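In what follows, structures are represented as C-alpha cells.
The two complexes that follow have chain A in common; it is paired with chain B in the first and with chain C in the second.
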Partner chain A sequence: MNLHRVRHIVGNYVFVLPALLLFLIFSIYPFYKVFQLSITDWDGISPQLNYIGLANFIDLFTDNPVFWHSMRNAFYVTFLALTVQNFLALGLALLCDRDIKGGNVYRVIFYLPPVLSGIVVGLIWNWIYDGNYGLLNHFLAFIGLEDLSRAWLADSRTALIAVSIIHMWKGFGWGFVILLAGLQSIPRELYEAARVDGANAWVMFRHVTVPLMIPVFILVSILTILGTMQVFDIIIATTGGGPGYHTEVPITRIVSTMIGSSKFGYACAMGVVFGLILLAISMVQIKASKMMRQV
Partner chain B sequence: MHSFKKFYELTLLRRFAAIFVLTAMFFAGCAPAQQSHGKTVITVWHWMSDREEAFLELARRYQEQTGIEVRFELYAPSEAYAQRVKASAQTNKLPDVFGILGEKRDFASFIKSGYVANLTEAMNAPEASGGTWRESLFPRALSVNEFLNGNEHGVPFGIYGAPLDVMTIQMVYNRELYRQAGLDPDSPPRTWAEFMAHCEALKQKGIPRFVSGFGEIWLIDALASNFAMNIMGEQKVFDTYAGKVPYTDPDWVRTLALFKEMTDAKVFVDGAVTMVNKTAEQTFANSRAAYAFNGSWCVNVYAGMNPTLDYAPMLPPLVNETNPPRIWGGAGSSLVVNGRSAHVEEAIKFLRWFTAESQQAYLCEKTLNLPSNAKSLGQIPPVLAQFADDMDHVTHPSLYPVNELPAVIEAFDKGIQSIMIGEKSPEQVAEEVQRVKEKEMKKQG
Partner chain C sequence: MNTRSALSLTGTANEVNYERVKKLTVSVFVHAFLVLVSFSCLFPLWWAFASSLKTQQTVFTDLSFFPSQPQWQNYLTAWTKANFGLYFLNSLFYTVCVVVGVLLIASMAAYAFSRLQFPGKNVLFLVLISTMMIPIPGSFIALYVLLNKLGLVDTRLGYILPQINGGLALGIFLLKTFFDDLPKELEDSARIDGCGRFRVYWHIALPLARPALAVLAIFNILAVWNEYILAMLVLSAKQLMPLQRGLMVFQGAHITQYPLLMAGIVITILPVLAIYLMLQKHIIKGITAGAVKG
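For the complex of A and B:
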C-alpha cells in the first residue's frame, strides 16, 4: 500500500473522528463511570470512593423486592403501551392515511400530547382523576355511574392503570406519526393492483399493508418499550410512586435511592442492571424482527 | 460545498489541526462562563421561588451599600435544586453561597468534603452594634446548622450555616368551616378524642375533614413522628432509631393505628394519600377541607391563593396527655458558604447582612415567613405570631441525637400509605418496618 493510499484512508477516518470522540465521551465514558460507581458505596458527595465489589448487585438481586416490584410495574405499563397505545396509533394512522376532510388538523391534534411536558400532562390528569372535584368523577355521575367514583390515583386497584392511561395518552402521538409516515411510503399501485384482483379492505391490509409495515412496527415497538420502561415524569407529577409502592417504576426507585437515601453507588448498580435489561429486550426484539422478515 | 472542497484540498496535517481546533472550540463553548471582570460577584443558589423578588431587591440594596454584586440564581422545584447541588458538588462547581436540602447526614457529607465553611468564628465575633451574629438569631433555628462535639456524623464542632427563617410544621384549621359545623372557631381540638368528635361533627355537615400532601412522604413522617413522640415520649423514639426498641412495640403499633382510625372514620380527603402538597394547599385554601397539616410557610401560600381565608394554627391532637406535644420546626431554610469559594470572607459578610434585623423584617413583610432574627419578631403579622407561639414544642430530625436509616423511614412512611388505602393493618406494617430495620442494621454492621 503506497503512502498516497494510506493518507487517503487516514484522511477519511479523520471525518469520523469527531463523531467517534463525541460517542466515546458522551456514551462510553458515562457508562464506564456508572459501572465504576456501581461497585462503590459512594454517597454522591464525598471525594473518596470505597470499593465494595459486587455487594450492591448481590443485594439488588437477593434482597430488594421493591426494585423488582417496580420492574413488574414498568412491564405492565409497557405491555399496555405496546398493545392498546400502538393499536390506537395504528387505527388513527390508517384513518388519516385516507383522504379524509381536515386530515392535517387531526395530525396536529394527535401530535399535541407528545410535545407537552410530562409534568404538565401529569398535572392536567391529576385534575381529571381528582377524587373530589375531578372531571372523570363528574362525568361518571352525569351518566349515572356515580358508584364507580373514586380517587383514581390514590386507589391501589386503579392507580397503576390510571397512570398507564396518562402515559398512553401522552405517547400514542409518536407512534401515530411514525406509522402514518410508514403507511404513506407504501406505493399506491400495490393497493390498486390488489383491488383489481378483487381484494377487499381487510385482505389488502393483511397482505399489503402489514408485510410492508413490519420494519415500521418494529421501530415503533422498540421505541415504545424503551420509552415506557423509562417512564418517570408522569409518575412524579401524579403519584410519586404511591400509594405504597403501587406505581413505583425502576427510574423512580433509582432516583429515590440516589437522592433520597444518598446511596449513589447502589443507585448506579440499579441503573446498570436496568440498562442491561433494556439492552437484552432490544436485542431480542431485533433478532425476532429479522426472523419475521425472513418469514 | 465549496468549503468542503477547500477542506479536502488541505494537507492531512492541516486537516487534523483544523478538526482539533474546531473540537477544542466546541468544548470551550460547553464550559461555564467566567465571572470576574475585576470586581467581586457573589453567587447565591436557592430554590425558594416565592421569595425570588424579595431576594433580588435585597441584592440591589446590598450592591448599593457595598458595591458588591450579589447574583441570586433560582433553581426550582426543590427536588431539582437538590439534584443540581449534588451534581455541582461532584464537579466542584458550587457557587459562593448555597442551601443544602436533605438530611443532616447529607449536610455532614458536604462539610466533610470541604464544601461548607465553618461560620463559628464569624458567629461569635462581636458586632459594632453590640452582641454577636449568633445572639441575634433564634437558637432553635441555629441549632439545625450546628454540629456538637462527638456528633454521630464525625463533623468537627461548629456552626456551618445561617438560617433565613424559622418555621413550624403543624396543623391548621378553617375557622369558617368550624362555624358552619356549629363548632366553636376559637376552640380547636386539643386531644385525640376531641379531634375525632370534631371530625364527626364536620362529617355530619358534609364538610371534608383533613388534607395534606401525603404523596410527599416526608409529611407523613412528620405527622407520624409527632404522634409517636407524644404517645411514647422522645427518648423511646430515639431508642427505636438506635435499635433498642422494636417497631413492633405496642406504642408504635398504636401510632400506626391512628392512621387506620382516621382512615376508617373517613377523616382524610379522597386522594390525600398520593396528593402533592401544592394541591393539598389549594384544597385547604379553597375551604375544601377543615384541617391541613402544613408548614408555617403556608401563611404566604394561603395569602396568595385565598386572601380572605379564615384559619388558625393548632397543635396535632394529644393522644397521651402525660407527654408534651412535639412538632417539627426550627430553621426553615438556611444558606451556607462554600468553603472552596474564592470569596469566603465576602460571602460571610453578605450572609451576616442578609440575616440582620432590617433585612429579615423586609423578608418577613414580603414573604410572610417567620424571621430567623429575633429582633425582627415584633414586626410580624398576627397569624404568623400564632405559629411562633408554638415554637416551644419544636423539634426536628436535624436535632435528634440519633437518626433513623433512610430505608427504614421509607418503609415506615410507605407502610402508612398502605394503611391509608386499607391494604395493610398497623401490625403488618410494624412487622415489615422492623424487618427492614433489622436488615439495614445488619448491613451497617
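For the complex of A and C:
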C-alpha cells in the first residue's frame, strides 16, 4: 500500500521532471553563477576562480563612465518610448476604437513591425539613414532641405535619436494592440450613460476611459521600460554602439566587456547591477500603480 | 403655415447636412492619419523588397518603387552563393526543435501542475513562474560559461536547449490556466475505464488543449525565428548559423552588396509574414489575452 503510494507520487514527478531539469540547468545555475562570477576577476579561460570581493562593483560605480553613459542612453530611448511611442499608440488606439471602416486592416499593418526581428529592422533602416544613398537624404533633397542631409547613424549629434526612432517604429504597434484591447474591454453602456448625462468627448475620456485604463497603462509602461532598457538587436545591426560611445546601451557594454575584453567577472557584475536597476524600476512602478488604484 | 413648416424642414435638413459634413470631415482626417502611419509601416519593407530586385549598379541610383527589369536571379544568388539557403534551413530546424520541445515539456508539466498531486507542487510552480518576471540581463554570460563547460558551444543542441528552457515559463503558465478551466469529467471517465495518467494526458487532455498549444506554438516560432543574441554568443560555425546571424555575417563581409542583403532580408521575413497574415487573429488575441490577464 505504502509502496504503491510512493510509486504513484514518483510517477507524478515524471511529468515535471524534464521541465525541472532544464530549468535547473539553464535558469537556476546561470542565475547563481552570475552572482558568483561577479565577485571574481575571471577571464573566461583560467581554470581557477580568483575571488576579489566587491572590486568589480567598486570599479563599476567609481571608474566606468562608459557604462553609466550607456545607461543614460538607454534611459533616453526609454523616455522617448514611454512618451512619444506610447502616446502615438494610445492616439491610434482611440481612433481605431471608434467603429471605423478598415479598423482591422490598420491593426494588422501596425502590428507588422513588432513581429519582425530587431536585426531585420535595423538592417533595413541602416539604408534609409545612409549618408550617401539613404532614402532620408533623397527625400530631404526632394523637398529642398539637402542642407540637413547627413549620415544619420554616423553623426554623433543624430545617432541616438535615429536609433530611438527605429526602436519606436518597431514598437508602437505592440502598445497599440494592447491599448486597443483595453479600450474595447470597457463596457459601451458606461459611455452611453455618460452621454445621457451630457458629457462631451473630453469629459468621457477623462472620467470613463482613463480611470478604467490605468491598469493597462501601467502594464504597457512596465513592459516598455523593461523591453527598451534591454534593447540590443537594433543597436548591433545599425551603429554597434558608435559613433564613439554615442549609442552604447547596457547590453552592448556587457557583451563587449565579455567577448571583446574577456572580462567575464566584470561583465557579470555589470549584469547584476543592471538587473537590480531594472528590478527597482518595476517595483516602483507596481507600487505606484497600487497607490493610484487606492486613490 | 405651409411656409413655416417648409422653413423648419429646410432648417433641420441643413442641420443634418452640417452634422454629416462634420462627421465626414473628421472621418477623412482620421483615415488620412491612419493611412499615413500605415504607409510608414509598410514603406520600408516594400523598399527592401524593391531594392532586392535591383542590380548592384542601379540600386543606389534607381529610386523606382518597382524596378523596370526586376533581377529575380538575385534570390538564387542569395540562396546559394550567399548561404541564405543554408541559414534558412538551420532556422527552420531550430524552430521546429524548440517548438516541439516547448509544447511537449511545458504541456506535461502544466498538466501535472493542474491535475496531479505531489509534494512541493505550489512552491515549484511559483519558482518556475517567477523567473518570467525577474529580469536577469547578465544571465547570458553564465549561460555561455555553462555551455562551454558542457561542450555545447558551437553545437546545435547548445542553441536549442536554452531556448526550449526559455519558452517553458510562459508555456507552463498559459497551459496550466487552460487545463484549470477544462472540465474534469472526460478525464475521470477515461480513468475509470482504466487509462493511466500518461494516456489520459496524451489522449484526452492534450487534444483538448489544441487552441492553447497553437497560441504557444506561434509565439515560440516568432521568438526562435527572430532570436539573435544567443546565436551570436554560441554559434560561430557558418554551417550552424540561423538567418538572423547569417544576415549580420553577410553584412559584415559584403557591406555594399545591398541587393543580396535585401534579398536575404526578404527571405528572412517571408515565413514570418506568411504565418502572421494567416494567423494574425490568434496572434493578436494571444498577446492581448496574455497582457490583460498578466
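Just so it is clear, the second predicted complex is superposed on the first by the 266 of 295 C-alpha atoms of A that agree within 3 Å, B and C clash if a C-alpha of one lies under 4 Å from a C-alpha of the other, contacts with A are read in each partner's own complex, and residues count from 1 in each chain.
Please note the rule applied: a residue touches a chain if its C-beta (ideal position, glycine included) is under 8 Å from a C-beta of that chain, and two chains touch if they have at least 3 such contacts.
Keep in mind that what you see is a predicted model, and the values were worked out from it rather than measured.
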item	value
Clash or fit (per the criteria above) of chain B with chain C on chain A	clash
First, second, both or neither for A:Asn132, with chain B first and chain C second	both
Which of chain B and chain C A:Ser262 touches, first, second, both or neither	first
Greater chain A contact set [chain C / chain B]	C
Partner chain(s) touched by A:Thr239 [first = chain B, second = chain C, both, neither]	first
Touching partner for A:His69 - first (chain B), second (chain C), both, neither	neither
First, second, both or neither for A:Ala151, with chain B first and chain C second	first
Which of chain B and chain C A:Pro18 touches, first, second, both or neither	both
Partner chain(s) touched by A:Gln230 [first = chain B, second = chain C, both, neither]	second
Offending stretch of chain B which, after superposing on A, collides with chain C (from 56-64, 74-82, 290-298 or 380-388)	74-82
Interface residues of chain A shared between complexes with chain B and chain C	11, 18, 44, 132-133, 259
Contact footprint of chain A on chain B as seen in their complex	12, 15-16, 19, 22-23, 79, 82-83, 86, 89-90, 102-103, 105-106, 109-110, 112-115, 208, 215-217, 269-276, 279, 283, 288, 406-407, 410, 414-415, 417-418, 420-421, 423-424, 439, 443
Interface residues, chain C side, partner chain A - complex	27, 30-31, 33-34, 37-38, 40-42, 44-45, 47-48, 51, 59-60, 63, 104-106, 108-109, 111-113, 116-119, 124, 128, 131, 134-146, 161-162, 164-166, 168, 172, 197, 201, 222, 225-229, 232-233, 244, 247-248, 251, 258, 261, 265, 268-269, 272-273, 276-277, 280, 283-284, 287-288, 291-292, 294
Interface residues, chain A side, partner chain C - complex	9, 11-13, 15-16, 18-20, 22-23, 25-27, 29-31, 33-34, 37-38, 44, 88, 92, 95-96, 98, 100-102, 105-113, 115-120, 123-125, 127-128, 132-133, 135, 138, 169, 173-174, 177-178, 181-182, 185, 216, 219, 223, 226, 230, 232-233, 236-237, 250-251, 254-255, 258-259, 264, 267-268, 270-272, 274-275, 278-279, 282
Chain A residues within the chain B interface of the complex	7, 10-11, 14, 17-18, 21, 43-47, 59, 63, 126, 129-133, 150-151, 153-156, 159, 238-240, 242-245, 256, 259-263
